[in-house]
Amino acid sequence: MDSRISFSSDYTKGAHPKILQRLSEINFEQIDGYGTDHYCREAADKIKKVCGCPDADVFFLVGGTQTNQTITDMLLEPYEGIVAASTGHVAAHEAGAIEHAGHKVLTILNVGEERDTERYGDSIGKISAVELKKFIDSFYADESHEHMVFPGAVYISHPTEYGTLYTKKELEDISAVCKEYKLPLFLDGARLGYGLMSKRTDVTIKDIARLTDVFYIGGTKVGALFGEAVVFPKGVTVKHPIPVIKQHGALLAKGWLLGLQFDTLFTDDLYFELGKNAIDKAEILKKGLIERGYKLFLDSPTNQQFVIMPNDKLAELKNNVGYGFWEIYDEKHTVIRFATDWATTEQDIERLFEFL
Amino acid sequence: MDSRISFSSDYTKGAHPKILQRLSEINFEQIDGYGTDHYCREAADKIKKVCGCPDADVFFLVGGTQTNQTITDMLLEPYEGIVAASTGHVAAHEAGAIEHAGHKVLTILNVGEERDTERYGDSIGKISAVELKKFIDSFYADESHEHMVFPGAVYISHPTEYGTLYTKKELEDISAVCKEYKLPLFLDGARLGYGLMSKRTDVTIKDIARLTDVFYIGGTKVGALFGEAVVFPKGVTVKHPIPVIKQHGALLAKGWLLGLQFDTLFTDDLYFELGKNAIDKAEILKKGLIERGYKLFLDSPTNQQFVIMPNDKLAELKNNVGYGFWEIYDEKHTVIRFATDWATTEQDIERLFEFL
Amino acid sequence: MDSRISFSSDYTKGAHPKILQRLSEINFEQIDGYGTDHYCREAADKIKKVCGCPDADVFFLVGGTQTNQTITDMLLEPYEGIVAASTGHVAAHEAGAIEHAGHKVLTILNVGEERDTERYGDSIGKISAVELKKFIDSFYADESHEHMVFPGAVYISHPTEYGTLYTKKELEDISAVCKEYKLPLFLDGARLGYGLMSKRTDVTIKDIARLTDVFYIGGTKVGALFGEAVVFPKGVTVKHPIPVIKQHGALLAKGWLLGLQFDTLFTDDLYFELGKNAIDKAEILKKGLIERGYKLFLDSPTNQQFVIMPNDKLAELKNNVGYGFWEIYDEKHTVIRFATDWATTEQDIERLFEFL
Amino acid sequence: MDSRISFSSDYTKGAHPKILQRLSEINFEQIDGYGTDHYCREAADKIKKVCGCPDADVFFLVGGTQTNQTITDMLLEPYEGIVAASTGHVAAHEAGAIEHAGHKVLTILNVGEERDTERYGDSIGKISAVELKKFIDSFYADESHEHMVFPGAVYISHPTEYGTLYTKKELEDISAVCKEYKLPLFLDGARLGYGLMSKRTDVTIKDIARLTDVFYIGGTKVGALFGEAVVFPKGVTVKHPIPVIKQHGALLAKGWLLGLQFDTLFTDDLYFELGKNAIDKAEILKKGLIERGYKLFLDSPTNQQFVIMPNDKLAELKNNVGYGFWEIYDEKHTVIRFATDWATTEQDIERLFEFL
């Protein structure tokens, strides 16, 4: 149908063929529902092992918005909100799912806003421990804070919506502030595989398990048909998580479809291999863009690359290549996004370069 | 793993092989997200054609609870509740998802309760137009009804949770009451394929499209990996359905996974063929049960069969066959459910009979 | 304006004159807002003393629906519902306020329904410990209870919506079941003063404080302009009650208006005296009704009296006396309610008798 | 008790004596509940007349948070948020009541932030039509806006939280943008009386009724014991407002308490007279402050005056005078608020001056 090459996003393709193959193999096995099956158990065990958190609770949900909504609602008291960067996905692009569940998103500056002299550095999209502490302190310093929304948890995405990454030191600092104020730290890893395999990260999945209270390992964008593996490294604190998940419409009847996919992704390091593919291709892409004289909007270390594209060039490109519109840069330029993924090939990049 | 034969439910297996095959075929096609793709359009077109409702709006959601929650919330004003049988799925088994979205389920007697002299007839699980009208009239007759929850929509399931079916006349009567009071009629068709192919129904999918305001065609239990096709035969009334779906966590990023499945199910009448298989096998099962002297709990015309099983027999059965616990019948008997499905074979039934 | 005598309800008049007098006296005193003032403290101290619960937390809210909604929401986890009699106010007459806050009302039979041979005895409107335990046990016995709404707290009203009263033994039994299952017991005392002063009760306010986890002392219907004093005898369990109250729109800016009223009501036993007045007048009313050949619908021990009134008599009565419509009794009779209150006089009763 | 003079806020005193007097006069009149009484009707008629909107619907609610929550929820679809200044009361000081009802507050710059060169002018706290239009346009220009929260209504406060006022031209411009995009305009008039009587306003109550879709006339802060009169000048659009109000816990049983108060306030222009008193006293206060060398934080035209107070002076003041803490100005100064009200006397001001 759509024979154009597309770099519009990292969720435009199906799943790694091993997943489809295993789905076929077990198609007529009769399996118990709602995540109580052995595939879910095995996937959870593999995840707990790779994360180094044997006491974790692992749940498999279907998609990102429902995961962000369900976890946020699990973490917060009704009078609490979740602290996030103003550019965070929960703040901007969930169609109000967080508020629909009754909670305010308390936005703080993202690091890009803080340091506006170097606006398009590799820090845009992140929050800082300093700004976080300042926000919490000023909340409690306000004598009328009982009339305001309490900070109840902290949300970060890694990679962020701009493809940027926290350093281990930054995560440790944020985690320390969270511990100090007893606020659970929630890391949205919808693109976690791409973050972990960046050439420019010192953060491992074990670090994330150690430093956060809950995070999820994105499958939808990293080689699965769909699915997000939610990990509570120290165990889930909600007494009855299953009804909570169900009342958010997030309990899949055939839960094993999720278990099987994550079991496959966490066998023989497939998840990391898929992450690496997108990173390798993004490096080639970035290099080629620079060589061709294109200016990058920011220096992203992951699979999303943002380019300041002349509008006349863009008009031409549109017919041949799928890309993501990001924002207006100036009268003559537009920022667009190219995303590589777990299945991008060198040929794909070369075809793209033909149009650039 | 679980090599026992199981009749515990109709969502224990994967999907019809044609679906898996097509998923493999299009695996690397790059497709737009969130249901805006051509597979969703084609599936919707086929559904609109088979339902005889060219002006319909069709949406593809992932699972039953999320579909029931999202539709209910679309239909109701905040001060309204949904009228349902006391045995209806929304009343009893959604972990409070309806209330979580802010709405009361207004339960009325199911026909089984109404006619208690013939309690276990084939009407249990249904509501009646008479009882519905009585309920609405008595609401408006109450002078303080502005202090009560307004009936805002009517929910029926077809087949019901007990496998029973409405007749065309019954549906017409309920639909007429709904029209009289301007209440949208919502039909939960999680097992619709099995209802439509019953030997004992005069209701077609066109009747349902004609008589309801919204219904869904269950995929999860009838041959799909997952997925429910929501049909608003006269068009959806909510101005912006996409953000509503998204804020319920029900907007799948790779929406085409749903479109493709329903496109397959509604090609060459596959959906109906799969429904028929379960019905045929249920007939054989029922006949065999009666021949073997088992007493049925009710005379179900669809794929769910309910048996009053002696407890000693049950203890023995448990090791060999999966079944669904339904309820305690008396001190010495238990009601259990055997469900056939789109993939049940005669051999499966024969293996079951070996243990009975 | 409305010079007819009215017995339609117990919230048709202003407040005891002492309350108005004190409001005038302190009118220009400048007082801190939101319940942080000394009147609230003094009222709370008096209430804690009369209830024998020095460790209680006391909050003053404005009206019944908001109190029921706020307390219920404080007690429940999101996946929990509140157990109540099918006739309970939270089940039937809050316009869905409980569901609006996300919670299901889990209705069990009221004792009137249980014992239908003696339907109109003095037990209608109550729940029983036996039925409560049966409900909870059957919930946990259901293997799929994680797909249902968990019982999270128990609601009773005393007096009930039918004016009936629990005995001390009944309260102790219900409280014991609640303790066994760790469910907080919530007693709606919108008419508590009338219950406590009934000639036919062995329940004291100290018993209520001992046996419940939260209850409220109704002011609106018992001598205050408005206001309900919420008492958590063992302390409130929510960490930050003020924002919870505020986000339910229930935190009055001039909180002292509530504190002053309850301080007045709990000075020199005024609250009990006002309760007694309504009871004494109800006794005269009931005696007079029986003498005049009227048939009571049930034998209410409190200020609400229910009469089975011939419809022709009713048509005549309507022009002269305000009453509450209750329900259709049969073709020729209607059940109506006469409510006495804290200010009802013997002359009022005599005027009523003139029309009977 | 607290014999200090206080200017901490405008809700520290009871009500105008005429209100207390009338409450006493009608104390034993028996009146129908829930706002169906003649006092509410008469008050509504007077308000409709003074506002020049004979087709208006008027409701009387108890307090500000509940009014903001209830109206917002009435105006919005579930997927919509309310646009407000970042300093707006609904954005900052409702303990999350708006989000608790499921809606996001979409904050835009307040005019003070926009024009930061003149930060402390008389525009802080307001939004501008230009910024509003820009916000809405950029929302619809974003291709993924169906994944974001739709702007569904616009909230302004008049006077704002900083005491500032819109000009008639500014209101007309904002109203025009709202009309263009079919967004209802909601004006929070918690302190409306003080805004209308400012010496520096060209906005009348008729202008407000003409230019907004809903506004409320604050009673709590302007001479009533409590109460806010909500006016929908063109009629309310929700089909059943009473259950909506009730399910927000905002339907007062003795609704006439509100009706009577507003009837009194809108008899012989009392409401305006009370507003004028606060303004006159604020003028004296401001003049005196300037004469005594104090620096104002902004040039407020209403009853709230903000002063940049040296911290050493403040330490001394604290023992003698109640004031409102506003914010830290710099290391040596704090911004505090003095509010005059409907009952402030020249003697009060003089006593304050003794300490300054």
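Per-chain numbering from 1; labels A, B, C and D assigned in written order.
Simple rule for what comes next: a residue touches a chain if its C-beta (ideal position, glycine included) is under 8 Å from a C-beta of that chain, and two chains touch if they have at least 3 such contacts.
From a predicted model like this one, the values you see are computed outputs, not experimental measurements.
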Inset, instruction - Looking only at C-beta pairs in contact, point me to the busier pair out of A-C and A-D. - result: A-D
Legend entry - Residue-number overlap at the chain C/chain D interface, same or different (half cut): same
Legend entry - Where chain A and chain D are represented by their mean Cα positions, the distance between them in whole Å: 42
Inset, instruction - Can you check how far apart chain C and chain D are, centre to centre, with Cα atoms defining each centre and the answer in Å? - result: 34
Inset, instruction - Let me have the rounded angstrom distance from the C-alpha centre of chain A over to the C-alpha centre of chain C, please. - result: 50
Inset, instruction - Can you tell me which residues of chain D touch two or more of the remaining chains? - result: 78-79, 94-96, 100, 102, 146-149, 242-243, 246-247
Inset, instruction - Enumerate the contact residues on chain D facing chain C in the complex. - result: 1-2, 4-6, 8-9, 11-15, 17, 20, 23-24, 26-33, 38, 62-67, 69-70, 94-97, 100, 220-221, 225-226, 242-243, 246-254, 257, 322, 343
Legend entry - chain C residues touching chain B - in the complex, by the definition given at the top: 78-81, 92-96, 99-100, 102-105, 143-144, 146-149, 325
Inset, instruction - Provide the residue numbers of chain C that touch chain A in the complex, in ascending order. - result: 73, 77-79, 102, 146-150, 238-240, 242-244, 246-247
